[in-house]
Amino acid sequence: MSSSIKDFKEYRSKMNERILNSGFRDFNKFFALDNKAYYKGALDAKTKELMGLVASMALRCNDCILYHIDRAIEEGATEQELYETFNIALIVGGSIVIPHLRFAVEKMDEIFAANKKGETK
Amino acid sequence: MSSSIKDFKEYRSKMNERILNSGFRDFNKFFALDNKAYYKGALDAKTKELMGLVASMALRCNDCILYHIDRAIEEGATEQELYETFNIALIVGGSIVIPHLRFAVEKMDEIFAANKKGETK
Amino acid sequence: MSSSIKDFKEYRSKMNERILNSGFRDFNKFFALDNKAYYKGALDAKTKELMGLVASMALRCNDCILYHIDRAIEEGATEQELYETFNIALIVGGSIVIPHLRFAVEKMDEIFAANKKGETK
Amino acid sequence: MSSSIKDFKEYRSKMNERILNSGFRDFNKFFALDNKAYYKGALDAKTKELMGLVASMALRCNDCILYHIDRAIEEGATEQELYETFNIALIVGGSIVIPHLRFAVEKMDEIFAANKKGETK
Amino acid sequence: MSSSIKDFKEYRSKMNERILNSGFRDFNKFFALDNKAYYKGALDAKTKELMGLVASMALRCNDCILYHIDRAIEEGATEQELYETFNIALIVGGSIVIPHLRFAVEKMDEIFAANKKGETK
Amino acid sequence: MSSSIKDFKEYRSKMNERILNSGFRDFNKFFALDNKAYYKGALDAKTKELMGLVASMALRCNDCILYHIDRAIEEGATEQELYETFNIALIVGGSIVIPHLRFAVEKMDEIFAANKKGETK
């Protein structure tokens, strides 16, 4: 995994822990609802992560994009499925999405490369 | 089908025809790319319509919401699948999505009711 | 109260009931969190409703604007306090907020007028 | 001019007057800056109105779209110039702009038709 | 104060000076209106800064978030008041606000820590 | 040219090449439509780049802002024309645009400085 993805994950974990231990309990309730929205139900977890990814690209949030690409790949999303997902976001959201498409493709490549390296160990 | 959905479809058809016959050919190219983004590929058409729906709700566009609910139901989406999709949009986009959730549920109900009536004819 | 505000409130109640009785319980949890966010805490309820109003105007959601103006006035917000709130939203969000400022002032006037009429009964 | 454009202009005038006579003077200052932004300077007024139109379509504000189409046509914008402007907004903002493109083309047609009728009187 | 906050403030000051000395005087007028929107009026300055903060989080602008947290704390905002403000932004804007919530909590902690250190000198 | 602009251009080129060689051909079609939207037509290329710039600032996308400032200057845009364009974006989009105005002025200065240096060689 690239150092930027590792750094993001560490920062994300540290700050989420800080927030969930703040004593303001409604943050915990919102985070729980957020997690649960992507659990397998009538739709499977991979589909839901790809849906979260489309929304994240359309709303142009890089941290959210990275999170959902990572999770979608964990749930078995392929390169072709990710391209089709990126394309829906690009068409819905327009050229303003292109900088986030560059980011998304870069991070997808890094995650697939890290997984490949892991598999051959 | 409720008269408001029928009216929307007629207006949409009339104006799309106007735009596609304007002589400005890049409108046609964009509309073609837009249609194609939802064709079955590695992901099936129902999944793609639900993705278009999530993005439409997160970006808060009622015309787009109605279009994708209608298409998703044509592709076989169930009430439960639509609820899970609405919920992802609600969690990603927040309470600002609630007015669009009300609209989405209302239109979903109208379309399912119209289909049921059609089936029993 | 103007008929448009009454109609909005009836539609809102009917559809919220529909959503909260859908059987999809995470809608109920989100709606509960949403309500609770505006309860008196370290900040009083009027201040919180005015904050919800600023966010609604900056994000340009008329249904949300109407809801928070109505609630803020119930909590004792004055015309001057509402002007100052509208102005923050206008400065933060720019001229794109102006159509929503027109709507906000119109609805504020209607609610104050209805309250005045009520008082003199 | 279609009745919907006439109604919009009357409502807009009435509410702007209400706002500018509210006694909250910073509304007046913002409205003055807003008007001035489109005055002829190094860039001419038509170009500036088309710029306001692109921003209005990208931010998806129908009232703003109608206002800037009307003003751009007053400043001499042609159908072809408007198509090219609409197209930039469509490409930048994506398919979510399409409902606003339908609105924009409809209103452009109405204004050009009204002007033509006026000329032949 | 952390170096990142200090760097932001220096860059902000340098570029604001550059803009306000550009000779394009309407920038100065807008900046003056922007400052004035947060002056004590019917609502006090702390409340207005918290309103600016809610809007900044809902619109997802980190520079604006940092600015308004800093100003709100100067006006006496407490940790609990800031949590309640963050929560309104989170509920209104949804999970897409979470990366900005992480940023906001981090910067709040840094500012409170810097103030505490300052007090004990 | 400043190193940050050079770095951006290199990253942009590398990732665009990656995307356009992905084998997912609809990316290529969208990128082609995007390029073509700014070609000279009834409106000249400079005007169109300034329009792209207004939309990019209103939608708050720094990469897009840098790209269109660079292209607008290549097409002959002057400092005064850029100020007027920035101002329309600021008025339409509000104070939330200010961080992007700082970025835009900084990058404009760097590009004009680099061009001046180039001319005197």
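A few remarks follow.
Order of writing sets the chain letters: A, B, C, D, E and F. Residues in each chain are counted from 1.
Quick note on the criterion: contacts are C-beta pairs under 8 Å (C-beta built on N, C-alpha and C of every residue); 3 or more make two chains touch, one makes a residue touch a chain.
Computed from a predicted model, the values in this text were never measured in an experiment.
The chains that touch subunit B as well as subunit E are A, C, D, F. The chains in contact with subunit C and with subunit D alike are A, B, E, F. In this assembly, the chain whose C-alpha centre lies farthest from subunit F is C. Looking at D-F and B-C, the interface holding more C-beta pairs in contact is that of D-F. Each chain gets one centre point, the mean of its Cα atoms, and the points for subunit B and subunit D are 28 Å apart. Distance between chain centres (mean CA atoms), subunit C to subunit F: 39 Å.
Look at where the CA atoms of subunit B average out and do the same for subunit F: the two points lie 33 Å apart.
In subunit B, the residues that reach two or more other chains under the touch definition are 26, 30, 33-34, 37, 55-56, 58-59, 64, 80, 84, 87, 90-93, 95-96. Across the interface of their complex, subunit C is touched by residues 60, 80, 83-84, 86-87, 90-91, 95-96, 98-99, 101-102, 105-106, 109 of subunit B. Those residues of subunit F whose C-beta lies close enough to touch subunit B in the complex are 26, 29-30, 33, 36-37.
Across the interface of their complex, subunit E is touched by residues 58, 90-97 of subunit B. Contacts from subunit E toward subunit F in the complex involve residues 11-12, 15-16, 18-19, 22, 24, 26-27, 30-31, 34, 55-56, 59, 61, 63-64. Only residues 33-34, 37-38, 41-43, 47-48, 50-52, 54-56, 58-59, 64, 78, 80-81, 84-85, 87-89, 91-93 of subunit C touch subunit E when the two sit together in their complex.
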